[in-house]
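You will see chain A twice below: alongside chain B first, and alongside chain C after that.
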Partner chain A sequence: MAQKSLMWRLGPLWSLVSLLLIVYAVTLVNSRLGEGIQVQMRYALVNLVIVVALQMFIGTSGVLSFGHVAFVAVGAWTVGLLTIDPELKRNLLPDMFPFLFDVQAPWLVAVILGGLVGGLLAVIVGPFLMRLNGLQAGIATFALLGVVSQVLTYWSSIGPRSGQSMVGIPDVLDLQTTMLITLVIIVIAWLFQRTKPARLLRAAREDPIAAAASGINVVPQRVIAFAVSGVVAGVAGGMFALTNRVLQASQLGIELTFITLAMLVLGGVLSLSGAIVGALVFSLIDLVLVQLQSGVDIGSFVVSIPQGARPIVLALVLIGMLLWRPSGLTGGREFVWPFRKHAPLPGNPVTND
Partner chain B sequence: MTDSVTPRSRSLSVAGVSRSFAGVQALTGVTLAVEPGMVLGLIGPNGAGKSTLVNIISGYDFPDEGSVLLNDEDITRAKPHIRARRGLARTFQHGHLFGGLTVRENIEVTALGTGKSARESVTTADELLDEYHLRGRENHPASSLPHGVERRAGVARALATSPDYVLLDEPAAGLNEGEIGEFAENIRHLRDRGLGVLLIDHNVRLILDVCDRIHVLVEGRTLLEGTPEEVRNSDELVEAYLGRSGSVQR
Partner chain C sequence: MSQLLQSLVDALSAGATLGLAALAIGLVFGVIRLANFATGEIITAGAYTLIFTWQLGWYISIPFAIIVAVLLSLLMELSVFSRMRAATPATLLIASFGLSFLLQRVYELAFTNNVQTAPVASELAQSISIGGVRIQMLSVATILLAALLLTGLQLFLTRTSLGLQLKAAAADFKTARLIGIPASRVIGLSFALSGILAAAVAFVTTVQTGAVGPTFGVPITILALVGAVIGGIDKISGALAGGFLVGFATSMLASWLPQDMSNFKDAYVFMLVIGVLLMRPQGLLIRGRGAVRT
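Right after this comes the complex of A and B.
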């Protein structure tokens, strides 16, 4: 009885532990496969954190966002500005506001600040954008991405001149550290699922008319989810800056938006498990395709695909998934302890039953 | 839902409400009041304006003229979530449960939405699950419920707001005789606790059975209001429903 009681209490934790174990195991395997694969894995983990941010907002609220990469971009910019050596900044970014030359922070503090800047941007625009639904919300958030992208491209007072890159970001983030940050973010996202705003938003996602009759004022709840996911996206931006070490606004735009959304759709929009599985599976397929484009030796044969075939194959995989299983690989469900009585519903966290 | 619900003050009232849609007059000068511990029935033929009136009372539509008062507070322009938090709950004609959530979660999030803590929302859900015989279904998705259970779950969810007044929009539609009898008991129980109930339904037998007073709407206007006995004996009601030569099921 005591054991059953313990399992009853720990049951929901299994959904978190299984996700942490999957990410840990995949990272561990990739860390043994050579330098090139390790680098790819670091980018995969950065993308995974972006996808988690998307899921925290889109999956919970049911509102489409094409704008989260704007938070990634401001997070990346913040980390870049805070970690590049002051002398280097003076030489490479001469048009910047003078006070920015000497502003410095340790990389971890910079990443946290990057997250906070992402969240701050979300708090500023959220009260306006979060009144919109469906395609209107998608277009408005896409416009946000466009504005941020243009500002970062052309406003040389906060970065490089147009057409130039922000370089000199220190090499401080290895695969293990990237994984640790990713695991912390997964814990945060898992905890967020259980908060009051997330629960109210899931109800409003199911039926906005009934939600109002249940006393739910949906806009403030959406702003909270937008802000928290903006913080996570900002942290992902910081991780990207420390992984890529060269920043251009064009890297953080439409293409990254659609790749990360495709990862989310592949895994299942409604669950955190879907976000993580989608990001890992998509990255794995991408990794294989990159290898195949270069040619893979199998015995006396060389297997290869034509240059440029990679995005086509990825697009076909996505279309196939949308046709075959529109709710994604996980069906929008969280992973559960296999012996529990009730499976959680799609789009809901695992709870005690 | 606890038994200690205490009405805050006088009534939920509608005064001189009119509403038109694209030139078509849906409601004209309708006035009614629901007091604590009272069941007011609202009946009328299809197109009488019942749903428009319920939407205006619950904040999903606004009147062109007239006002809605909740315990002397003018809530004519208040949004639905504000009304829910002030003690006005409603059910919906077509269920409108949160289909992807469990029955328990439907009740808990509604309690949370009206300001209860997580712990209180669990207690509220436990009480309502017992009271509305939903224990066996608490972990089922609301979208999978049979019709009768769905209706019960809708009422349980509305009561999770701990309201002073509740609008029941065609709660008996599609229920069998046994379920209607059980439902009538639930309504009497709500009245006994001091809640004001506005019951909209096409089932005249249920209305005559449980209501203290009945308000009859025809073509957007008040035809009459009275006790079940007065309405039962009204020739005007018979005429409105069935024409001059008809008779109403009593």
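Right after this comes the complex of A and C.
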């Protein structure tokens, strides 16, 4: 066997490093463009983490999930309850279980706990939901989102009364920290691609019958992927809580599900690079549209688009993508070191095999 | 006793409404595997039409609403779904999700976020008393309308050549094409019928609320889609029965759960849905396992 070059050996790592560099570069550029854009960038990174969670499950297993925003919601709730000042909680959320008044945690611990609560919910419902395929899986996960939304909206023992929101979440997360958490999550997602459950799920995604014939029991593997992506979604929820600092169940529902799915489809469901490129490009288009809605000076002209045009353009982007390039901007491929001869097939991580 | 009867009539009418909506989804799904989430926006379009044209008289307003609903339904097929024939049901569902979101925002831009109101068929909003039981005229009208539409649809599907073609295509699209049934015609037909059913749903819900906003059709569609899937979206009767069941259950829960629990009625319905999906993923009315095609 010929000695392989160092570059070749490090090839797979490039598929991770390139993603980290892209996120870092985009954040760096945006951080120089003023306060308003910095705030939008923080939301963009939160969405990016949700999209990564979606990709870890949907992309790997090929099963549709509308339910991940439920994990985002419980993660956000956890962080909200753990970081709001106890005195404030007692006044603003009077109906809560008494023990919740005094539990407190530093924000980072709270975010990690938020991830664990998201993962826990996924572990509890996973063994049931993961037996379903296709449209049935989509509807069942959607039903999960419905149940969680209703509970968080109306159950005042664990949050605000219906119609009110949770306020008083401390302002501790700046753009740089948000980016660091995002980078850690990307590393976790990249490592997850290389684990045995992910490999088995990819096999089952490509050919369920052949996978079953090879002795793969797909349900437990799916539960693992569901749980890991549930943890990531929960962390994203925690990041959302600390970014938005006001929580209402209606913010974490159908619309967020739609937007994050649109980001994933835009980039390419099958690859981690698709999740990241999709989230960033979508956020970039959104950023431009927000600027255009308020009017942009180009020379002596003021270019503007009507209020309300922004979501319309975003929806058109999603539909156009599904029509003309359903595999997404990345085509479901990971980034490969430019000088490597062999690129993996779409939907597979870069390896040295 | 009278309270029980009253809630039964209400539940029957809610079930009939959702049954029709689920049928609108199921008819299209049977043919091209599309669970069209944007059916809700067809309902909204019909409802807006009723609100804006009601003062011209019902004999203008109702046909006009049907035309708008059918045209919008066909437009969706021609502009988006006809170009996605190779896509999986999950991808089609996402596309319809996008279309639904798009149309909601278009309505918002055109008619603002505020609800538009008009007393559509306000005569039906009264209730009558039969032997001490107060019954909403609208509930009775809804049940009658559903019965009428279902009979008409049944006659169409079993007695006319076009209807039989559609029925065959819904049962097995590939085989139907092999024996020479023109694909584009039955697909167009399914979208048109879906539009008519959506217009009927728009009528009864608009009479009930008298107010229409951009997301008017969304809650109905969510429950109808969920109902269609648990009933067995692969089969026209399955979709209908599932929609009816979900509507009936939701209405009964709303009438009989104590106040502090009835807030959670949708949560109970969704849990019921997950339970049904686990026990019978192919749908309540589908026998055996082989019927689920993806």
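Here is the rule we go by: the second predicted complex is superposed on the first by the 347 of 353 C-alpha atoms of A that agree within 3 Å, B and C clash if a C-alpha of one lies under 4 Å from a C-alpha of the other, contacts with A are read in each partner's own complex, and residues count from 1 in each chain.
Assume a residue touches a chain if its C-beta (ideal position, glycine included) is under 8 Å from a C-beta of that chain, and two chains touch if they have at least 3 such contacts.
Everything quoted here is computed from the prediction, not taken from an experiment.
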- Task: Could you check whether chain B and chain C clash or fit when both are placed on chain A?
- Result: fit
- Query: Looking at the overlay, what does A:N133 touch: chain B (first), chain C (second), both, or neither?
  - Reply: second
- Task: Would you check which partner chain A:I216 touches, where first means chain B only, second means chain C only, and both and neither mean what they say?
- Result: first
- Item | Partner chain in contact with A:V303 - chain B first, chain C second, else both or neither | neither
- Message: Applying the document's definition of touch, where does A:E206 land relative to chain B and chain C: first, second, both, or neither?
- Response: first
- Message: Taking the superposition on A as described, I'd like to know which of chain B and chain C A:N348 touches: first, second, both or neither.
- Response: first
- Query: Of chain B and chain C, which one touches more residues of chain A?
  - Reply: C
- Note on the structure: Superposed angle chain B/chain A/chain C, CA centres, nearest 10 degrees, is 80
- Gap in Å between nearest CA atoms once chain C and chain B share a frame through chain A: 11
- Set intersection of chain A contacts, chain C complex versus chain B complex: none
- Note on the structure: Listed in rising order, the residues of chain B that touch chain A in the complex are 58-60, 79-81, 84-85, 89-90, 92, 96-102, 105-106, 108-110, 112-115, 118, 139, 141, 157-158, 160-161
- Item | For the chain A and chain B complex, residues of the former touching the latter | 196, 199-200, 202-203, 205-207, 209-217, 341-342, 345-348, 353
- Of all residues in chain A, those that touch chain C in their complex: 64, 128-129, 131-136, 138-140, 142-144, 146-147, 150-151, 153-155, 162, 254-255, 258, 261-262, 265, 306, 308-309, 311-312, 315-316, 318-319, 322-323, 326
- Contact set on chain C toward chain A in their complex: 35, 80, 83-84, 87-91, 93-95, 97-99, 101-102, 105-106, 108-109, 218, 222, 225-226, 229-230, 233, 263-264, 266-267, 270-271, 273-274, 277-278, 281, 292, 294
